[in-house]
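First chain A sits with chain B, and in the next complex the same chain sits with chain C.
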Partner chain A sequence: MSLPKPVMRGLLAKRLKFHLPIAFALSLGAAIAFKYMVTEPRKKAYADFYKQYDAVKEFNAMREAGIFESVRPSGE
Partner chain B sequence: MLATRVLRLVGKRAIATSVCARGGHGVAKVEDYTMPAYFDRPDNPLPEIRFVQSLSAEQQSLKEKEKGSWATLSNEEKIALYRISFQQSFAEMNQGSAEWKSVIGGVLFFIGFTGLVVLWQRKFVYGPVPHTFDPEYKQKELQRMLDMRINPVEGFSSNWDYENKKWKKLQHFKECIGFIHECRLNGGSCLVHWAPRLRGVGSDFTTIARDQAISCKCAQLGEKTLPEWAGPADATRTDWSEPGRVVESSLSFFIHDPVSAINPADMCRRRLTCLDLTV
Partner chain C sequence: MAHPSQLGFQDAASPLMEELLHFHDHALMIVILISTMVLYIILAMVTAKLTDKLVLDSQEIEIIWTVLPAIILILIALPSLRISYLMDEINDPHLTIKAMGHQWYWSYEYTDYEDLGFDSYMTPTQDLTPGQFRLLEADHRMVTPVESPIRVLISAEDVLHSWAIPALGVKVDAVPGRLNQTTFIISRPGVFFGQCSEICGANHSFMPIVVEAVPLQHFENWSSLMIEEA
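Coming up: the complex of A and B.
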């Protein structure tokens, strides 16, 4: 029987050489995707919300709805 | 090991003597599982013992030949020697089987059985849900959440239109209703699937879409009233009125009824107009 001698060394190195670049690329891709699909829209949503936000108006609306305990609706 | 050594030293006749010497308790029987065992494992390639323990005459002569130069062994003899020492080759022990099908089948079967058990539990074991699940309570809860402006930027309250006191229309609401409308006009059916969040947004769409199906049916029966879209009351109607209904309302529903002979296009157009969608 004259089989060729199988590869005995460098198996981990060979595997890493193949899989590490893929792992890094996928992780980076995931991070970039998350940044531009989640965090940037969220930051924009918050910025837009607060551009037109009138805190006093909102406070009065909430007060009239009666949810506060320290200040009751103006009628009472 | 100790037992065999003792036997060799004192001979078989002297066993009684050795028994007496040990206080009359006797020698413990050597169990099979305590002796070195043979097993085929890819991570442990060389077991402690040979596979074939008791060699036939032919095998013994082969073993003697093995003590000489290996160049004189033929290929068949080398294979025979291998099979004396090992039961399965690596190729044989690593080959897959069809067992995974039975495993998956068994797993799914028992998951299904567990589902039956859970259903039985719901019916016979659990008591009533807390009063906080009542529709009226839920309505008040919803209203309070809106009053408190829960998650006004991206979440709950962001879907409520505070000016007009109704839920904001969905992004692609018009397209969806238009699509359902077209399907039904062409005599077909439309499978509507949506994933509800317990925030009233999905229920908005479902209620309207369902009402459209129902109202078209009502139209066939001559009823003219439209369901009113009034706000929180309707939001609670579909979603969490009863706890079990959350499951029901999250399933797809099938809008399928034969196109009315009256005037389906006009009917649906009137519905859409009332819902403010035909701009």
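Coming up: the complex of A and C.
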């Protein structure tokens, strides 16, 4: 009665073959997650901000708040 | 200005700074990609009880880990060069301002039409009014028209300084005996702060830069008033 011979070679290679695709997939996943959770929302935020931006209205609001030194609020 | 404990960039107030923000996101995405892979591989190696004593070389993996980094570097270099050339485009400025660095204040000269010049000293902390920012406010602000290309010529009268405004994506060294040029467009009205960015002595941290962007009509009124007062 003899036991089957255990696998004695290629163990590290087998481990690498298992882990390397996971490493690639995880890193790609992290990059894609960053792209769609940070990069694209930031681009969209800037685009949306300037789409609706009324510079004159914002300027007047800032002026009335008194933050400018070259232009005082209209009451002064 | 930055808010307390802020880690990222300030909100962009010029088209160039927006491009820099997006490029930074792109480069950071690549950094995250590489770091995740390396971290996972380190963990996999550290937890392995196996070693291959007979690994000598492998043409396949050598090719992979030469070609892939080259591709990644090209993916970083192309947008980087694009922005670099974008910054150098000739864009016909409407206004030229000279910013001169001194120990320890900035002086601004608007000499396109009339001779207007003034110094800009930091507002001391004890003189701040409620709502003002410590170490960032100055007694005279550099006022500019909004949405106009502006050229700033930067130099220094004594030692090295650097004229920097993070929200506009501007940082230019002020070198005595040399005239450096930068151009920018401020996309929206507001007040933008910066600080001297080259060590220049005891009060290097106390010579801020304040740029006030207002509509053209108000800019013209301000410059007329400043010339009359001078």
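Assume the second predicted complex is superposed on the first by the 58 of 76 C-alpha atoms of A that agree within 3 Å, B and C clash if a C-alpha of one lies under 4 Å from a C-alpha of the other, contacts with A are read in each partner's own complex, and residues count from 1 in each chain.
Here is the rule we use: a contact is a pair of C-beta atoms (placed from the backbone, for glycine too) under 8 Å apart; a residue touches a chain by one contact, two chains touch by 3 or more.
What you see is a predicted model; the values in this text were computed from it and never measured.
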Chain B versus chain C as contact partner of A:17, first or second or both or neither: neither
Comparison of chain B and chain C by chain A residues contacted: C
Which of chain B and chain C A:58 touches, first, second, both or neither: both
Touching partner for A:72 - first (chain B), second (chain C), both, neither: neither
First (chain B), second (chain C), both or neither touched by A:44: neither
Set of chain A residues, in rising order, touched by both chain B and chain C: 42, 46, 58, 62, 67
Interfacial residue positions of chain C with respect to chain A in the complex: 12, 18, 21-22, 25-26, 28-30, 32-34, 36-37, 40-41, 44, 48, 50-52, 140-141, 143, 146-147, 187-191, 212, 214-215, 218-219, 221-222
For the chain A and chain B complex, residues of the former touching the latter: 1, 42, 45-46, 49, 58, 61-62, 65-67
Touching residues (chain side chain A, partner chain C) in the complex: 11-13, 15, 19-20, 22-24, 26-28, 30-31, 34-35, 38-39, 42-43, 46, 50, 53, 55-56, 58-59, 62, 67-71
Footprint of chain A on chain B - complex, ascending: 75, 78, 144, 147-149, 152-154, 158, 162
